[in-house]
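Look for subunit A in each of the two complexes below; its partner is subunit B in the first and subunit C in the second.
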Partner chain A sequence: MLKNYFKIAIAVLKRRKFFTFISLFGIAFTLTILIVATAFVDNAVSANYPEANRDRSLYINMLEQRNPEKGYSMNGPMSYHYASTYISTLKTPEKVALGTMFTPTNTYVANKKLVIDLKLTNAEFWDVMQFHFLEGKPYGQQQIANSELVAVISEETKQEYFGDVASVVGKTIETDNVKYKVMGVVKSVPVTMLVSYADMYVPYTASKTNLKTKSYNGMFMAVLMGRTKADLPKMKAEYASVVAKVPPGDAEMKQVISHADKYLESFVRSSPLRGKDGPNMSMLYLVLVVFVLLFMLLPTLNLVNINISRIMERSSEIGVRKAFGASSGTLIGQFVVENLILTAIGTVIGVALSFFVLQYINSSGMIANIHLTINFTVLLYSVIACIVFGLLSGVYPAWRMSRLQVVAALKA
Partner chain B sequence: MFKHLFKLIWNKKKQNFLLITEMFVSFLVLFAVFSMVVYFYQNYKKPAGFDYNDVWVATFSMPEHLQSNDSVNLFAEAMRNSLKSMPEIKELSFTSMNVPFSMSTNGTSVSSQQKPRVHTNIFEVEPTYKDVLSIHMVEGRWFQKGDHVAKLRPVVLNQKLKEELFGSEPALGKTLGEENYKTGQFEDRFKVIGVVQNLKETGDYQAIESGVYRGMDSGGLRWNNTILLKVQPGADAAFESRLFKTLSNMTGTSIEIEHLEKKRITKNKLALVPMIIMLIVGGFLIINVAMGLFGVLWYNINKRRGEIGLRRAIGASGSAVSKQLIGEAMVLSTMALIVGSFFAVQFPLLHVFDLPASVYVAAILLAIVFIYLLVFVCALYPGKQAAAIYPAVALHEE
Partner chain C sequence: MIQLKQIEKTYRTDTIETLALNGINLNIAKGEFLSIMGPSGCGKSTLLNIMGLLDAPSSGEVLIDGQQTTHLSDKALARFRNQKIGFIFQSFHLINDLKVLDNVELPLLYRNISAKERTELAKEALVKVGLSNRMKHFPAQLSGGQKQRVAIARAIVGKPELILADEPTGNLDSAMGNEIMELLLHLNEVDGATIVMVTHDETMAKKTHRLVRLFDGSQVNDHALKPMYA
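So, the complex of A and B:
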């Protein structure tokens, strides 16, 4: 019987090509937008290169100092002093990566200006982040202790600074009026990875600013990597207990507030979706779901309208089937199956289309070094959403049709 | 005529309900898109108020060994002299870091006798700032050397802040209060000496924000480590590299040199990208809706061949029939638009999103015109087809 439905569905699709085109266009386009949008979100959120250890890591991006009596506060990344005293000394994490926010620096090559985003890191940074080294190797504890002026650069920087040369390890790169010796070249990271992105990484001891300053706020962010995923709650609790005992860093400030969060949570915490006690993740998901539903409303209404027209067109067929004893349920079932077949075809086109769109975005250099892919969980959710909407847009017209009086249907 | 069309539609209200809903939702989508476009366009039309060409921004930090205000001022003076000795530099001004098109802002709250609290941007500048950016005075004067020693610090307002604080009343010579963050009280601190034309310093498509300019005091140079430089036209990367070396050798700290023109482009891109995405998505949704409408109207007309044939047979002309069908579609869209406008009007009434009411009104009008046009175009071809129906053929089928 399903085979029969399938045959009828294809025949109907062929009959009114214009209607078929509109329906398929609507479904495919809606799905494409959803998949591209989720590809962006997925790229920013999931454990992509080089932050492959994200699922067993916690991020500490912010430190807030507060004075509740007078009502003012200071908020921002941490100083090296704070990070090395209170974060690097934590017991539970296997490794603690410290890195500054990237700072743009200028360099001039052959009368051309180049902006190089510089990041200062510690040695563990290279263990926590899984960088892919095209040549050379990262700097280690030894180079940091000696305050050596060494650097790891990105593939893109190598190309821009040195041009097409085979190997640059051991060569000198100058930026911000300082000469560094290149130790390694890594595959470039897109700027969307705020914690790991930079054009050039150098030991924190090469910093021009004084690392001994006792203030708490500075430029550093930390990533705590546990041995397994199960360590996350323990690390969170340990950091919370340490923060509770941190003395105020400033005579004006009374309270120190800082949290170790999972990657996504760390951003939600500093957004308007922040709840009373920490990031409100369910609120975030609710907002997303409502947004997606609203976006799909218009294409669905369109599909319902077209389906009604298409089914009304077949009223004589329905009249005959009813006259021969088909129940309303059977008829509804048939139309819904037909609509699902249509939705399935639209989904295939939509997936193919989004594949091409993503390819285009990747190669256009809109965001340098980004690599968007169709994630299969995302694909699954999108397809489920499409099928649900396919069902919705099929059921109502079918229900209306099945209530037609046999006589009226036959007469038309 | 309209009453008749309305009756025809009312009799088929069930079939038409979904069509109306679809038009209604399309109207809301268009309203959102047009609000954004109109808002950006209104901002874009306003004059820039300053000249960002050949202006560079240099950011540095003061060497850490300079502790007292005097040593910082001496150091800054030396910097100024060696920069001024470069023939490529026309003028320069030390300023706070919130230079035009930057991502940083600096805010404070001020009060006048009319208004108890107005939030505004505050810029710390030097007397040369006006020449670096070619700012135009509307009334009063700009800062001079030695202004900052007065008990009430002289300040210059931009037109927007002047209107917010004083309305149409004169502002020159008035005293302003500034909020003391520790106590939350307003203390008399400023005296207005001039008003400048609004500067569009947040980008071409952003709204103008209120701003107050304050002359830098003797300790100001410790915190305000940004220099705006007006250079000769045609100053190139070779000069920039020399400038960079000079600054870097003097301060021994990190230096960054940027160009206002390029910062402006970046800032505009940041504003335009969401709009372009919205336009693309909105455009596709509307194409989708247009094709759907076209299909449904076409189908409906084909179904009414008998009725149309009868009309033709008793004397209706072809154009009358097509007019009737287009009219029906228009009445349908009018119903959707009335409901849609009811919701859209709430935005200016309830001051959602803080946009000027003129933006919403223009957006509503544009969306209405657009929906009418869309429906008209979609109904045109099916209407024409209906006009071509031969009464004999149509009635014969029946």
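So, the complex of A and C:
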């Protein structure tokens, strides 16, 4: 029986090449976009290199100051002054990493301009982040205390600045007219890892301007690492109680607002999805699910349409099958199976296409240092979703068709 | 084999009501070859469809092998058609996407038999209609007469007791039409199939056991032409 369904399904697909192409394209394309998009999200959200301790860490990316009476507000990363006074002094975290947002700096190699994204960090940054050192080692308290001009650079920067040399530890790298001594080389980080990405890392004491300001707002973000995942609520509560007592940092401002959040929460908080009481994670998931469903609805409707017209075209076949003993139920079964075959082919093409697209993105260097992989959970769910939509898009037309009167079907 | 009692069929559209059949009573015996004649639009196809359980009468009863069919479910009707009836249509109604052999196998798909057995039975039926050398062809590669022979093979593959043929030679030239007629006669005489055939061709009708004439939905004439089992 299934073999016969298969025969007729393939025959029908071959007969209507254009419609088949549109259907397959719709399914495959939708699936590819879903898989590639989730590969990006997955890459950005999951505890990838070097943020392997993300599960037991909280992120403090923002500090907001408000004056509710006058309607002023100021929002952004923090100053070193604020971070060292109110964050580094927290008791519950095992370690507190501080690092600036990366700033592009210019350097010239053989008369060619090279942009180096620079990040200033404290020493604990290297304990919280699990960087893979290809050579050398990170700077520590001593270099920080002495304001030494030392740097850890990425593998990519080593290649671009020094070229093909075996070792660069001890060599000098100059950018924005400052000379640094290379202490270590790390495996490159993709730019999607906002907190840990840079081309070059230097002690925060290397830049005096960052330290002088007494304002609360500045360039620093912080990562609190607990001993275990269980420390997260304690760390969150401690920071909340500290922030509640922070005096206004500016004469114009009355309130200081800042939160220690889990990684994903910290982004949702600064997005339109923030609820009244902070990031609304269930809202985020709801939005994502609705988005995915809507996204898949298009090819489904398209399939429904195509199926209806295809089925009407086959009214003689329907009449004949009924006349020779197919019940309505059997016919619905046949058409749904046919549609599933179509969906399955589309799914296979979609998965293959995603694979190639991801390979291409990884190897083209379109996004520096990124390594996207297919998320197998997502793949599984997408395939299930495809099958469900395949069923749905087949059932309605099949049902309409099965209600066709034999006599009418044979006349048409 | 088939009993029709007081069959009426009314078609209703928004504007008009057509009385297609008006009080038809008919008894068809096992092994009989019956032809139905009458002007176009007099209700021949409607009658045949009702006999074949493809359409329900507005009132009256259809009994097949003594069994009431009025209140059968869609599924039961389907099984009934599958087991007992084989249809032959004027315009063949072969499935163009399927090869001849697959077309002939079609009624067996709705029975519980193995693929191997299906193929054997289909080949056997194709031998009977003289088309065993066209099994792997598609319908589009056949002549009209050949197509109708495939359709006959499909109608007989399940060895139904009753074959219903609605103008089986209507789309064929007379030579091909005669071939088909010979085949039907053979099926009736040799294999003992009960056949009801709608036709416009008086000479063909004359070759059957019995002729029923319809006019405007009513039965105007019913006479035996030759004795059965002559």
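General observations
Definition applied: the second predicted complex is superposed on the first by the 324 of 412 C-alpha atoms of A that agree within 3 Å, B and C clash if a C-alpha of one lies under 4 Å from a C-alpha of the other, contacts with A are read in each partner's own complex, and residues count from 1 in each chain.
Here, contacts are C-beta pairs under 8 Å (C-beta built on N, C-alpha and C of every residue); 3 or more make two chains touch, one makes a residue touch a chain.
Remember, it's a predicted structure, so these values are computed and weren't measured experimentally.
By the touch criterion stated above, A:208 is placed in contact with subunit B alone, subunit C being left untouched. Contacts of A:22 after superposition: subunit B is touched, whereas subunit C is not reached.
Once the two complexes are laid over each other on the shared chain, residue contacts for A:301 go to subunit B alone; subunit C is not touched. Counting the residues of subunit A touched by each of subunit B and subunit C gives the higher count for B. With both structures placed on the common chain, the touch criterion links A:3 to subunit C but leaves subunit B unconnected. Applying the stated contact rule after C-alpha superposition, one finds that A:313 touches subunit B and leaves subunit C untouched.
Applying the stated contact rule after C-alpha superposition, one finds that A:88 touches neither subunit B nor subunit C.
Applying the stated contact rule after C-alpha superposition, one finds that A:46 touches neither subunit B nor subunit C. By the touch criterion stated above, A:177 is placed in contact with subunit B alone, subunit C being left untouched. On subunit A, the patch touched by subunit B and the patch touched by subunit C do not overlap at any residue.
Residue ranges of subunit A in contact with subunit B, taken from their complex: 18-19, 21-22, 25-26, 29, 33, 70-72, 103-106, 108, 111-113, 176-177, 208-210, 297-299, 301-306, 308-309, 312-313. Across the interface of their complex, subunit C is touched by residues 1, 3-4, 7-8, 11-12, 15, 316-317, 319-330, 405-407, 410 of subunit A. Across the interface of their complex, subunit A is touched by residues 49, 52, 54-55, 74-75, 77-79, 81-83, 86-87, 89, 93-95, 97-98, 102, 105-107, 109-111, 115, 154, 158 of subunit C. Subunit B contributes residues 15, 18-19, 21-22, 25-26, 29, 61, 64, 181-182, 184, 236-238, 240-241, 244-245, 248-249, 252-257, 281, 284-285, 287-289, 291-292, 295-296, 299-300, 303 to its touches with subunit A in the complex.
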